[in-house]
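Chain nomenclature is as follows: A, B and C, assigned in order of appearance, with residue numbering initiated at 1 for each chain independently.
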Amino acid sequence: MINSMRRSIPSVALFALAAAILGGCGTPTQSSSSVISSSPSSSATESSSSVSSSSVAPDPYAVPTDYQAFTGDEQDIHATVTFWDTFGASGTTATTATQYANAFMALYPNITVNLVAKGGYPDIYSAISTAIPSGTTPTMAICYPDHVASYLDAGAVENLAGYIADPTIGFGSSDLTEAGPLSDFIQSYLPENTNYAQTGVFSMPCTKSTEAMFYNKDLFDQKGWDVPTTWDEMWNLCAQIKSDTTIANIDNVIPFGYDSDDNLFITYDQQTNTPYTSLTTPHYLFDNATNRAFVQHLKDMHDAGYFLTKGSSAGSTFTSTQFAAQTLFMTVGSTGGTTYNYTDSFTTGVAAIPQIDSNSPSVISQGPSVCIFKRASQAERQAAWLFYKFFTNAQNTANWASLTGYNPVRTSAYSTSIWTDWESNATSGEDLLLKRVADFTQTEYAEKNAYFTSPAFKGSSTARAEAAGIVSSVLLGAKDIDTAFTDATAACLLVG
Amino acid sequence: MIKKNNWKAWIYLSPVIILMAVFIFYPLFSTIGIAFLKDYNYLTQTSKGFTWENFGMVLGLVGKDAEGNSIWGFGQSIVNGVGVSYNTYVIRYAIPNTLIIVFVTVPISTVIALLISVGLNSIPWLKKSLQVIFFVPYVTNAIAVGMVFAVLFDYQGIINFVLNDMGHPWIDQGASQTRAMFALCVYIIWQALPFKILIFLSGLAGIDKQYYDAAKIDAASRWNTLTKITVPLLSPQILYVLITSFIGAFKEYTSVVGLIGGPGTSPGSKNMYTVVYYIYDTIGNNQVQYGAAAAVLLFIVILLFTAAQFWISKKRVYY
Amino acid sequence: MADTEKNIKPSRQELRYEAHRQSQEYDKINTHGMVLVLREGTQNVETMKKAQKTGRFVSLFLIYLFLGFMALIILFPFYWMIITSLKSSTEIRANQQTLWPNAVLWGNYITVFRYFDFVTYLRNTLIVGIISTIGTLITTILAAFAFARLEFKGRNAFFVLLLSTMMIPGEMMVITNYITVASFGWLGNAVGVFTAMIVPFWISVFYIYLLRQNFKQIPNELYLAAKVDGKSDWSYLWKVMVPLSEPTIISIFILKLMGAWNSYIWPNLVADKPEWRLITNGLRSSFTLSNGDPQYGQQMAATVLVTVPLLLLFIFFRKYIMKGVGRAGIKG
């Protein structure tokens, strides 16, 4: 090729610059929580494919007509599974994933699992996008719903409904069966995997995170402040803090920070039931009076010195960094980044993110999922499915969560000895904070059914990126409200 | 003699021809073809027929409405989230930025390189070591050094430290396009110097000493020597440098990535786009047809520009 | 008659000398007509000499100052890269930028070595680099010869066509080439992947142009003489032209090797498994925490490790690199 190659064109990460990194969210659609029609997987004809039989929305968990139930012994599957992941080449996630692969291969000597680290989330998206037209897709891969939406467009991903309900290798055989095969999964993690333009289950949760508010507990205790639970309480507290001259260096302190500009926007829409995006055209509904007023209010709060986001911070600094440096007293950030909110200087408290109605909270659920590709042979797909099950079984998902700060995807993970042992040993330092977050998300979020996701379609990642752009550009003063919203809509429309 | 060599020449050229056909011409024609396809989806390799709209889209003359239809027209007209959206990124950012890079960095780096080479050529000591030093940027990785420059131009970096201007961003969030373009141009010029210095140095080595001796006898000033003797005699090299640099500047992309790390200085902004950056982005968005159209337009522009240079050179270059 | 002719047939050594001498003469002859004018001044020799000396001293000082300043600007980023690789994360982001790390942290390098399979990547890069370079040399030599010496119809047109391909941004061709390579079945197996990383790079228009310029400088007389002697083009090419162009060819070899070292996007697309990756791939995907926070210290350390071999190569082969690149613009 030409000498332009010689001068090192940068990483394939740049392929999907417009693609947002984290999964989508928004107004939840049909919340088929724990229901899986346990249709017999044997005779495919009438039962499963009768999608149109009922007059309600088609059931995504219906076993597809062309699904062949697994017969024989699991040990007889001979296959090589190639798993493209984003766990990195080194570090905790990489080593743990390798351990799981090795343990799995010990259980199934006839199956080989190859983990291939593909960089970050944009990298893997572009790698798979290139692999699809050239027919070189792997067996399974880490993905986000936004990514899967476009893989689905190309007809490249496998509908996993059949595997879920399979009596031998599905969830129907092991785990809890009373309430349905997927009952052991944390229910809020399921809807996004069916929230696609086509009917079916095209991804399964791998590891999940959410957002929590971290606050300077020592300071709050000392000052006798109440932890705010609603937005109104939050702004009142900020005003109170800012006018408290007894706090050292108060002029340089911002009381409240929100790490992810896009999550801020999207979560607010969820909490107030304001339109954000939709699976059907017109897709982009976020330009409306409520949102404009909200962003204007955020700007007022920002200008008053109460509030900032990562997108409006100098140098795009993480709010967790500012929190640890005590220039922020409260920060909302991903639970996957919990350890960054830990510092020896003070105790970090954990609370729910501000809500509109604290009795029915809404908080976003994020984190990668797994999808399996159609191009693989049947044996390979079955082997990949088995590996997925192994990866996310109670012990392994509990172990993963305890090491990385992400959430387990199974409720039974919380009762495993790995988890309980870790919890009882997590008495100080970072571990204690991780434990607090884990307990907190379970009681305050999971049990209150607070998680939500947005529809995933061709432009959903652009919508998310543009939402972030609106917030940060208005807060920075780079654009006025009208321009920001118009530009964002324009950019989304261009994607189609 | 001429005819006899025909087939032999083609045999000598056959490896080149085959490789180019497969890896350059075939993708090239495929890309040109894609530029004319409507709604090309490269994941499924399907499209909806022949159209000119991709070119229009790139130039901001075709827009999309909420239903996804393409409409010829001009000017943004979105009110309250409803309307037709035109791709203004290319017209507002990509084209102006690219033109700035072309017309600012190339002349400046060429002049600086010329001065350095002439300087190097006239010093008696340390010539070789300085030559080595000036060539070092050429052997490095563009992205890696871009990251280093990003650290230098950090809002709390060493450059602001020296200017006593800490906190004023050059390329980070909230940086104005002017400041970011300034940093970018500095980086590009820095990168471009070694190659030019090298070419000029070897060109200078080929200039006969007789000219300089004659000039000395004439008591010509240093300036006159430079402009009336050195530069004209160096004109073949200058032409070569200008042509290759202009082409490279039109295609500038890696420097933006290395330095800015993204298409803009604030999230969602695309104010640091260049034309090739835009092309690359379209690949990631499954909008390959727009990128293809932009690439075709870019190629035509570069071709015309280079042809113009050759035409001008006929009068100004002395062999 | 035939005997005397045979006796005075020049040896290869003499041919070479002859070519050299002739090219020098060409240089000498090929100048524009000059008119020498002597002007009488009003100064005597001594004042003139003194003025000249001070003037020369001052200008020399200014030149050194200028060059020194520019050299500092050139070198500073490298210096910064090295010291950043020795700093801790907090110090890199500190408010007070330090010109020398407060605590020299070799730990970054240790991390890089531990997690970074340097040897494998090095081996892969060398394999790809050397084989693709040799392939390029062969195709380049053949093509440059055809353009420089052989007369054939459409020679100029084709050459212009070749040059014009330099104006195309490579990004547009990457996807199609990936699909092509996949359809050849080169992906997924070791031999195939290496082939995919090597073969598309066996042509370089830039080097063809370079070598053609070089070949053109070798006087046509030699060629005609060889033809008269009944030598074939092939033997002329390999026995005369190539040895005469040795410096340029070595330069191409080294430059191409450097290119392979720095190449990133294509090997990243094509080399799936870690054991096939090249050195830049391994670098880029490492050292970024899962939340996207790049570890500058480690990245810089890895960058230093990747840059140093190139620098060493450059220092030892400087002469060839600089000579080779320099010849490009001599006779347009």
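The rule we apply is simple: contacts are C-beta pairs under 8 Å (C-beta built on N, C-alpha and C of every residue); 3 or more make two chains touch, one makes a residue touch a chain.
Every value quoted in this text rests on a predicted model; they were computed, and no experiment measured them.
Just to note, of A-C and A-B, the chains joined by more C-beta pairs in contact are A-B. Taking the mean of all protein Cα atoms as the centre, the chain whose own Cα mean lies nearest is B. Rounded to a whole number, the gap between the C-alpha centres of subunit B and subunit C is 19 angstrom.
Between subunit A and subunit C the centroid-to-centroid distance comes to 46 Å (mean Cα coordinates, whole Å). Measuring from the averaged C-alpha position of subunit A to that of subunit B gives a distance of 39 Å. Shown for subunit B are the residues in touch with two or more other chains, namely 23-24, 42, 141-143, 156, 251, 253, 280, 283.
Shared interface positions of subunit C, i.e. residues touching 2 or more other chains, are given as 165-166, 168-169, 171, 173, 175, 177, 200, 258, 262, 264, 280, 284.
The set of subunit A residues touching two or more other chains comprises 1-2, 4, 7-11, 133. On subunit B, the positions that touch subunit C within their shared complex are 1-3, 5-6, 8-10, 12-13, 15-16, 19-20, 22-24, 26-28, 30-31, 42, 112, 115-116, 119-120, 122-123, 130-137, 139-145, 147-149, 151-152, 156-158, 161, 166, 190, 193-195, 198-199, 201-203, 205-206, 208, 210-211, 214, 217-219, 222, 236-237, 239-241, 247, 250-251, 253, 276, 279-280, 283, 288, 291-292, 295, 298-299, 302-303, 306, 317-319. Chain contact summary for the complex, subunit C toward subunit B: residues 27-28, 31-32, 34, 36-39, 41, 59-60, 63-64, 66-67, 70-71, 73-78, 80-81, 84, 92-97, 99, 138-139, 142-143, 145-146, 150-153, 155, 158, 162, 164-169, 171-173, 175-177, 180, 199-200, 202-203, 208, 233, 258, 262, 264, 280, 284, 296, 299-300, 303, 306-307, 310-311, 313-315, 318, 321-323, 325-332. Subunit A meets subunit C in the complex at residues 1-12, 21, 82, 86-91, 93, 114, 116-120, 123, 127, 130, 133-136, 318, 334, 336-337, 340, 404.
The part of subunit C that touches subunit A in the complex is made up of residues 114-116, 165-166, 168-171, 173, 175, 177-179, 181-183, 187-188, 200-201, 204-206, 256, 258-259, 262-266, 268-269, 272-274, 280, 282, 284-286, 288-293.
Contacts from subunit A toward subunit B in the complex involve residues 1-2, 4, 7-11, 14-19, 122, 125-126, 129, 132-133, 150-151, 153-156, 261, 281-288, 311-316, 458, 462, 465-466, 468-470, 472-473, 476, 478, 485-486, 488-496.
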